[in-house]
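Chains: A, B and C, in written order; residue numbering restarts at 1 for each.
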């Protein structure tokens, strides 16, 4: 709420860093090898999924495992419409389709609490997987579909665009009264309702916004995979990864999930190429260790380290 | 027509027995230890592979393997709880936080166990023939191995139910499930009880794997599918209820066998539809209060 | 004209009537007390009015408008605010923002954030929490958390404020401060409906008192009438 601090050093330094990073990212295809561009698109995809997840689940504390469903809806949108409409419109429709699905699901389920919401949203992914599989085999007589091919630089730029829009959206939600309302719902939903907040609407809309970005990410990624089937599109891994990456990075600050997703997905890439036979093992161990020893993620570690630097100022509060 | 109906019903009951068996362990782990174990299916897979190895390499009768597989998987579960989940429980600020953190930790375990299994036993689909003879039930033919599996599922469920109802340890477990803090004050060693429960749950998964390996082909990636079915059954019957697991298992088995009869491709879809409707209408399950 | 009116308000839990066929009314500008032994249905009645629960059967009217079955946030936006028996502040949100939420989402949600911030600051001043405005709510004492709840409720700009055991758990000095706060709020022109166990407080502050027992209204009247009522004394001594 303090507008005066806007010009202070607190904003200038991170602002500059962000600007430099953005310029570096925007010019990446000019100086980096093709492999790096492809890798960066994957990393951005995970960041988009993770930050989208955090927009809703971070403040409200509802653990959604529906990410793979929204991602998959985007993928299928691209598979069905890919050849018929311009790429950006396909991506937008992918997002909108997920947005609508989330509105429907959210209105139905957001009164479920805790573990039940997590289980339900996970069920949604599997339901869509088997429903689409059944439909494809029975009516289109195939198991999978081919997606129109798009060159790697285009994929990268579209993903970068989604990422930037998402970050801006996430930033403004966090700063707005809407974001404060979301947080209050996470802290005490009943009190929030009696303070005049339309809790159902706030939750459903945020859930849908988060789904929108997941859908767009799915639509553009599909063009890179070229062949998709229900097992690829509705893969529970895409539900769990964003949660783990967010926890790994820490949700206290916006940069937490971004860093968490970036490091985690880079790690995945390295492990997959260097240790293909032990990849899951190492990955699993990192997950367990992160959950055990870093409850507030990297952000928590950084803040702890900074606080320690200031000489335990808050020891008594 | 009569024979067909009987056919479908018996097939459903046989399937339901397996579902109940794989759900019981999960129900125990969540109902008492509050761990929604996503790696539950991996313990099933480990049990199945241990049995396969003991049978094909050492020629031990699969049903006799029970006395090896049960304890071995129990110890794995017990140690896991003593180390990982006890630590998580102590360091979590609320029971809600513990539930979500432990759920995610078990997802990590899924990766670890599956990878170890891949290294140890490879990625091939395995199987063996045991009790693979047909039995005539009212005009329909069923594998003897399936019937044995159903019998074992019921026997294990009954035994565990009696254990919970009658023994001192069983009472401590039920007390811990109701109210861990008070149970602790009453002299129940809560960490020990929770670890035992987690171990028992894992052991049941292992035994389920043993029985499954007699009926179906197995492979290192089979776990998740069974975990999901177990979750559905447990939610159907009510989290933490052993009789609920049976009712949920049989309902799901019957539904599966009926839907399969009309439209095989929709069997799994029907599971999720039932599951999601139930979650919305009655999230505490059929037997939940 | 009564600002709040209830007619045959009833609520069953399982087979048990928590509130049974209660008629009540609260006049504009009054302080009305609601007393009764534990389990008499007082908080349930509050929950019915603020729409955490829906009466069945029965009807509740606020300013002559039927509010039965509306959502909690709607009721709040119409001008009915409440506090909770077990304090429900937003623990990790700073004190000022706790109150700000009320200003931003209460009866006048269109307010600019600068106006809302000014108003929230004034309310903190009013309840005496200015010094801790930046502290997360969970770090306040119980008495201060209760004040914060009152400030948050006031921020929604209610015409009717419902206080559920504001004074429970407070020490004598804090009780005196709370009583003063209640009269100050009434002097702002806000009608108050309060559940209270601290008899001294309720007798000196209220204009009128209602007594619930086993979900039924057994008495109603001025503090003097209630203090001397045979039925009321029997209920309290008979427990």
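Keep in mind that, in the parts below, a residue touches a chain if its C-beta (ideal position, glycine included) is under 8 Å from a C-beta of that chain, and two chains touch if they have at least 3 such contacts.
Note that the structure is a prediction, hence the values are computed from the model and not measured.
J.: Taking touch as defined above, what minimum step count separates chain A and chain B?
T.: The least step count works out to 1.
J.: Comparing chain centres built from Cα atoms against the global Cα centre, which chain wins on proximity?
T.: Taking the mean of C-alpha atoms per chain, the most central one is A.
J.: Looking at C-alpha means, what's the farthest chain from chain A?
T.: Of all chains, C has its centre farthest from that of chain A.
J.: Which whole number of Å gives the spacing of the CA centres of chain A and chain B?
T.: Taking the average C-alpha coordinate of chain A and of chain B, the gap between them is 32 Å.
J.: Distance-wise, how many Å sit between the C-alpha centres of chain B and chain C, to the nearest whole number?
T.: Comparing mean C-alpha positions, chain C is 49 Å from chain B.
J.: In angstrom, rounded to a whole number, how far apart do the mean CA points of chain A and chain C lie?
T.: 42
J.: If we count contacts the way the header does, which residues on chain B are in touch with chain A in the complex?
T.: Checking each residue of chain B against chain A gives 36, 84, 87-88, 91-92, 96, 99-101, 103-105, 107-112, 114-116, 118-119, 224, 228, 231-232, 235, 265-266, 268-269, 272-273, 275-276, 279-280, 283.
J.: In the complex, go through chain C and note every residue touching chain A.
T.: 50, 52, 71-73, 76-77, 81-82, 84, 88-93, 97, 100-102, 104-107, 109, 113, 117, 135, 139, 152-153, 156
J.: Spell out the part of chain A that touches chain C in their complex, as residue ranges.
T.: 1, 177, 180-181, 183-184, 187-188, 190-200, 317
J.: In the complex formed with chain B, which residues of chain A make contact?
T.: Contacts found on chain A: 61, 63, 108-109, 112, 114-116, 118-120, 122-124, 126-127, 130-131, 133-134, 137-138, 236, 240, 243-244, 247, 277-281, 283-288, 291-292, 295.
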